[in-house]
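Per-chain numbering from 1; labels A, B, C and D assigned in written order.
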Amino acid sequence: MDFICNFPFFSIMISMFSGIVSAVLSRKAAKWLNLISIWVIWFLSAVLLYYIFGTGEIIVYKMGHFPAPWGNEIRAGLLEAGLALFFCSIMLLSMTGGRKKLMGEVVEEKHNLYYILVDLMLASLLALIYTNDLFTAYVFVEINTISACGLIMIRQNGRTIEAAVRYMIMSLLGSGLLLMGICMLYDITGHLLMSNIRDAVSSIYSAGTYPVPLTVTIILLTCGLAMKSALFPFHTWVADAYGYSTVSSAAILSSLVSKGYIILLIKIIYRVIGFEVYRASHIIDVVFVFGLAGMIMGSISAIRENDIRRMIAYSSVAQIGYIYMGIGLGTRYAMIASIFHILSHAATKSMLFIGAIGLTDVSKGSRHFEELTGSGYRHKIAGITFAVGSLSMVGIPLFSGFISKLLFAQAAVLNTRKMLPALIVLAISTILNAIYFMKTVIRIYTPTEEEGERITMKQEKVYALTCICFIALNIFIGMCSQPIVDWIGAGIDMFA
Amino acid sequence: MKKLTNKLLNWLNAEDTSVFDNAMELKMQEPKEEKEETVEQRMRDRLHIKDEVYSESETKEVKVLRIIYRTLAIILCAFIAYNLLIAVSWLPRTGEFDKPVNNEVSARYIEKGLQETGAVNIVTGMILDYRAFDTFGESNVLNIATITVLILLRRNKKKLPNEIEEKENDRLLEPKNDVILQKAATFLVPAIFLFGIYVILNGHLSPGGGFSGGAIIGAGLILYVSAFGFEKTEKFFTEKTQKVISLSALLFYCLAKSYSFFTGANELESHIPLGKAGAILSSGLILPLNICVGLVVAVTMYTFYCMFRKGEF
Amino acid sequence: MTLFQIILLIFLVICAVSVSFSKNLVRSIMEFMAFSLIMSIIWLTLESPDLGITEAAVGAGVTSILFFVTLKKIHAIREGNKNEEADK
Amino acid sequence: MGPNLWANFGEAVSMILFCIGFANLLLHKNLIKKIIGLNIMDSSIYLFLALKGYIAGHTVPIVVDGVQSVDAYINPIPSGLVLTGIVVSVSVTALMLSLTIRLYRRYQTLDLDEISKRLKKEGL
């Protein structure tokens, strides 16, 4: 076994280690440790991706001295390594973009605790991506939930604590359902390791031994993860949680945390239940309908909003609806579109949050649209970032959002039964998206006579660099879409 | 080309604002003129509307909505219960041996567990050796829960302006120096500590282990505090103690398990003797790991209590 | 499933329902404590003493203590046992 | 209904408990009751899992007198999983309770609906 095969394990352990050590470090040391560990993991994931591209083989790594069904196991394919790389990049950019704001909004002596939360969050995301064991996934889902709650309420005002309570109630309900599903699955298959469960499930399915428990299990797993990732009827906590927490937290939460659960759901669909079995159950139609409802309702709530950050939060409800719609279409191509949308949305949404914070900085700290008028001139790089993000969300060619919408439309055309509703809702949702994002962009580029505070690029070099990186990443995803789609397809084939 | 990039950079830096401003076709917005009265009226209306809509007094509609919500919730719960019961009725029968759960996985744990892990208690051997990654994640759950509780409840050294200060004396409603409690605690606390340590150290031999033993010790500490007050415990348990104990325990756990995972995956010899089965000093890493887990759990439980009571150690 | 286990399970349901219906927060936490204790006995009868010990120490012990401290902090336990109005 | 409802009496009770906890979560306005409901839900899942490992007539999985036969001991896996789960649920409970304390200090109430009404009024 090559030494590179250790890298998934190393990247989980490095972030855990830095999370444990940061508790006794000073603020600055914790910050640097966090930065260095994310960079190291980024580098490891990049090497791993390159290696897997070269060999074309899945890395199966046993955790401990015992082989697969007895011990734990982690597993890295193309998709896993690429997602780890991508998540690290977004995490890095979100942290650097929101660092200045963090100083003002969080009590200084609690800064190192914030870095612990981020480290453990990264560890849990990596473990969710790499793990090959369902119960390990549950434990790390809990770590993810608790650290997400910490990220919401680290900036302590009434709003965030209320949002944290709502978030916790909703997601604990979700983890309860998830755990119940895992227990039932364990009862009818007798395994906890994903590969073994899939073999057992396919034999159960063809033999027809436990049809009712299997269906209930699929419903429980899907419901639990949908609840945790804020699918439409369970989205009540989103606006407060994303709208009032500190900006790095909002960017990380919206672009990584909910996506981590969706990745887990996709893993469960492919590696635990089996795609054919999942498609044969009727839950897939329910997922499709809720996805469509989310696309419309999220956009409508966003249009009615008067607060820029709450508007972005509601927009992410709509985007989660897109992803679930893709899962609900139930074809391989639609799944590729969903995963592509996970990437493009993660890149765009964190970019919008980072851009919006720059705009509110030059508008006397207010986030309401009246005061934001003309802020694009007062803080140019933030204005450009926000505009690029909006264009990408609306689906203008050249940017990443366009490609994902195109992929969704193509996938919908391929599915004859669900083509019509999917296409109609896609069109309506795009128009609604255009309404509220263009409204905001026009608002921030409307000149006013009022002379506000101006911030130039030289005053905030790190922030400007982050913004440029975000724009470059977005255009990269938009321009080089074909290799990315090929990579996702190869990764999905590796799942099976 | 160079000129254009220079211009763009200048514009970005807001040094020369006139480059593109005049080229824009957007119209300059005129300041909205409004009389002061209308503004006041609007503000008043806004407040009034909010009062009307969200008034505290329960209107008839709110009551009806609440009843509808309650009935819907009950119907939903009944529906879920019905479906789950149907699922249960199709599951394999409880208490029987012949079902999918009892397969080769549990068979190996039972048949070879003692030889492979050295632990007489198969459950402990399983959670700390076969499936150690889960357990490592679980101690990190404890760690991160401690951190979130610290974020929420630890008092800031510098007072924030809008922070509401808790003026109440914490022991106001309790009898101070209650004789019965103190006498009972004098006997009970050492016994509880002893039992907790016994449970931790015998984790691989008898029921129990790090989690239960740690929780017992934590409960003992809490009893001690309630009987004798925080002045006594502050002498030996401060913020530093918590940090040092949980850091060293978790770090040892992390490093030991990393070593074991690394050697296991790369097929290296682990060089950790398993010892004679049944002795206290046996079963390789399980005993030190149990001690670490016990320390972490005890410290975490006591930290929760301290934070809840007074926001500092 | 022995008669003893069935009786314990029925007790469990009674405790859970009465938590929901009791007007007084202190009382409902007491009932939750009883719930945990019965649960730990059930686990003992199911031949899992590890779980029994852990649940008795964690569920019935530390969790209930944390609940009581919280009640104290939110002034639900008042002097002279005037608990009636505490349950808003 | 399938054939095994009476044989799976314990599991059926755990499902009913799950739904009682769920109803507690939905119906009660008081946050403390909601947290108790969450705890009941968790415990019921652990009861379900522990029942899965039980085999009638077999004993505790602690090796006695060198007997290492599958016919002697119950399945150890569910016990280990429940052990992990209990610790997770106690940490989550502590977090929820500390959130409750903070919320009470800020708003002097435990009713989430009332708090959101007040938030709207403040227009924060």
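Here, contacts are C-beta pairs under 8 Å (C-beta built on N, C-alpha and C of every residue); 3 or more make two chains touch, one makes a residue touch a chain.
Since the model is a prediction, treat every value here as computed from it, not as a measurement.
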| item | value |
| --- | --- |
| Those chains which touch chain D and also touch chain B | A, C |
| Which of A-B and B-C has more C-beta contact pairs | A-B |
| Centre distance in Å when chain B and chain C are each reduced to the mean of their C-alpha atoms | 21 |
| Distance between the centres, which are taken as Cα means, of chain B and chain A, whole angstrom | 22 |
| Whole-Å separation of chain centres (CA-atom averages), chain A against chain C | 38 |
| Gap in Å, rounded to a whole number, between the CA centres of chain D and chain A | 28 |
| Interface hub residues of chain C, defined as touching at least two other chains | 1, 48-50, 54, 58, 62, 66, 70, 73 |
| Shared interface positions of chain A, touching two or more other chains | 135, 139, 142, 146, 149, 153, 156, 186-187, 212 |
| Chain B: positions in contact with at least two other chains | 84, 86, 90-92, 94-95, 101-102, 105, 109, 121, 123, 131, 134, 138, 141, 144-145, 148, 152, 207, 209, 211, 304, 308 |
| Pairs of chains in contact (touch as defined earlier), listed by label | A-B, A-D, B-C, B-D, C-D |
| Touch list for chain D against partner chain B, complex | 1-5, 7-12, 15-16, 18-20, 22-23, 26-27, 51-56, 58, 60-63, 68-73, 75-81, 83-84, 86-88, 91-92, 94-95, 97-99, 101-102, 105-106, 114, 117, 120-121, 123 |
| Chain A-touching residues of chain B, taken from the complex the two chains share | 11-15, 17, 21, 24, 26, 28-29, 31, 83-84, 86-87, 90-92, 99-105, 108-109, 116, 129-134, 136-138, 140-141, 143-145, 147-148, 150-152, 154, 156-158, 160, 243-244, 246-247, 250-251, 254, 258, 260-267, 270 |
| Complex contacts: residues of chain C adjacent to chain D | 1, 5-6, 9-10, 12-13, 16-17, 19-20, 25, 28-29, 32, 35-36, 39, 42-43, 46-51, 54-55, 58-59, 62-63, 66-67, 70-71, 73-74, 76, 87-88 |
| For the chain D and chain A complex, residues of the former touching the latter | 2, 18, 22, 25, 31, 34, 38, 41-42, 45, 48-49, 52, 77-78, 81, 84-85, 88, 91-92, 95-96, 99-100, 102-103, 106-107, 112, 115-116, 119, 124 |
| Residue ranges of chain D touching chain C (in the complex, touch as defined) | 7, 9-10, 13, 16-17, 20-21, 23-24, 27-28, 30, 32-33, 35-37, 39-40, 43, 46-47, 50-51, 53-54, 58-60, 74, 78-79, 82-83, 86-87, 90, 93-94, 97, 100-101, 104, 109-111 |
